[in-house]
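The structure appears below as structure tokens.
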Amino acid sequence: MLQQLTVRTSAGECLIDITGEVERAVRAANVAEGTALLYVPHTTCGITIQENADPGVQHDMIMVLRRIYPRKDPAYRHIEDNSASHLQASTMGFSHFVFVSGGRLVLGRWQAIYLAEFDGPRTRTVLVKVLRD
Amino acid sequence: MLQQLTVRTSAGECLIDITGEVERAVRAANVAEGTALLYVPHTTCGITIQENADPGVQHDMIMVLRRIYPRKDPAYRHIEDNSASHLQASTMGFSHFVFVSGGRLVLGRWQAIYLAEFDGPRTRTVLVKVLRD
Amino acid sequence: MLQQLTVRTSAGECLIDITGEVERAVRAANVAEGTALLYVPHTTCGITIQENADPGVQHDMIMVLRRIYPRKDPAYRHIEDNSASHLQASTMGFSHFVFVSGGRLVLGRWQAIYLAEFDGPRTRTVLVKVLRD
């Protein structure tokens, strides 16, 4: 019931479109009407849903998140160098869902599902469970 | 099973209380004990839950979100003028749930459900599905 | 079906590890394979999932959230002194889920579930419902 996707991220901070992988998991679950639950078992990457038409959106989101959550700060106490990554991931969130109808994800016209990486590049896991109505 | 609410937003950035519409959807679903799943199929508006007692809260939230996610920035690459809207929407989130008991939403004393508009005014859609326990 | 956890927070802003309490609720629900839904019926505290290995992470997250969402601002209209708390809570979110397998929470290696308090110290409530697959 619980499917596991493996996602290879390509940079320190980036948004990786995983819509195709999630759609495959929905097909494998063989659920026509239901809800796809998505979960990231990490603390420095999250999930978000965003526009996939213009890659400028992803660039700008990463740029602003980097600015407001600074990577370095003399007052940081965390022994690793990634407090910003933790906060950016918590801001995006770890558990999200998308409805399924007719065996397909019910996404808006401009929506795609992204793994939001903030401490990469790494190999990440996304867990997917599809609830049947 | 999947109900669609239509919400007309009134400004560029605003929080629109949709609690009444969601309650109507719960009644239409005729579920006494369950969970209402809420989803926004957009990329520049989200959903949040907040206080509905003092409208000052909504004013202040919009004000601070506007300040930390600036509308204009020379480094923005997105061809439209709304990278801030995308980031503000991702911060609030697109998928949320509220429990249902006795046929009613189980909201806290001060909680209301808001569509969080960041690129309005527009006509927006909220999808609602009520899972039965 | 709906369980209620009571959490005593210890400071104005803090992250309280509630993983043990949520695990107890999962055991009480007697669900082997399913999904634990978590909901906070408040407007100035939220839930997040984060690292529990180094307390420096929690310190740094609170520090940065306090800086970007200032407690005082001459332009604030909210009659109480906690607009920042509302915004910090909305950023973390009020509804989250974690999968359950073999009767246990499916958390990542470094993940713990936190109540994110932004207007404490107070006694807070977390609602838990465990869906069976």
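Observations on the model:
Labels for the chains are A, B and C, by order of writing; each one numbers its residues from 1.
Definition applied: a residue touches a chain if its C-beta (ideal position, glycine included) is under 8 Å from a C-beta of that chain, and two chains touch if they have at least 3 such contacts.
Keep in mind that this is a model prediction, so the values were computed, not measured.
The touch graph of these protein chains is complete, with an edge between every pair of chains. Because subunit A and subunit C share one sequence, their contact can be compared position by position; here under half of the interface residue numbers appear on both sides.
Distance between subunit A and subunit C, defined via averaged C-alpha coordinates, is recorded as 20 Å. The residues of subunit A that reach two or more other chains are 68, 91, 93, 131, listed in rising order. Those residues of subunit C that touch subunit B in the complex are listed here as 1-2, 37, 39-43, 68-70, 73, 75-80, 83-84, 86-87, 90-91, 93-95, 97, 125, 127, 129, 131. Residues 33, 35, 48-51, 54-57, 59-61, 63-65, 68, 91-93, 96-99, 101, 106-111, 131, 133 of subunit A touch subunit B in their complex.
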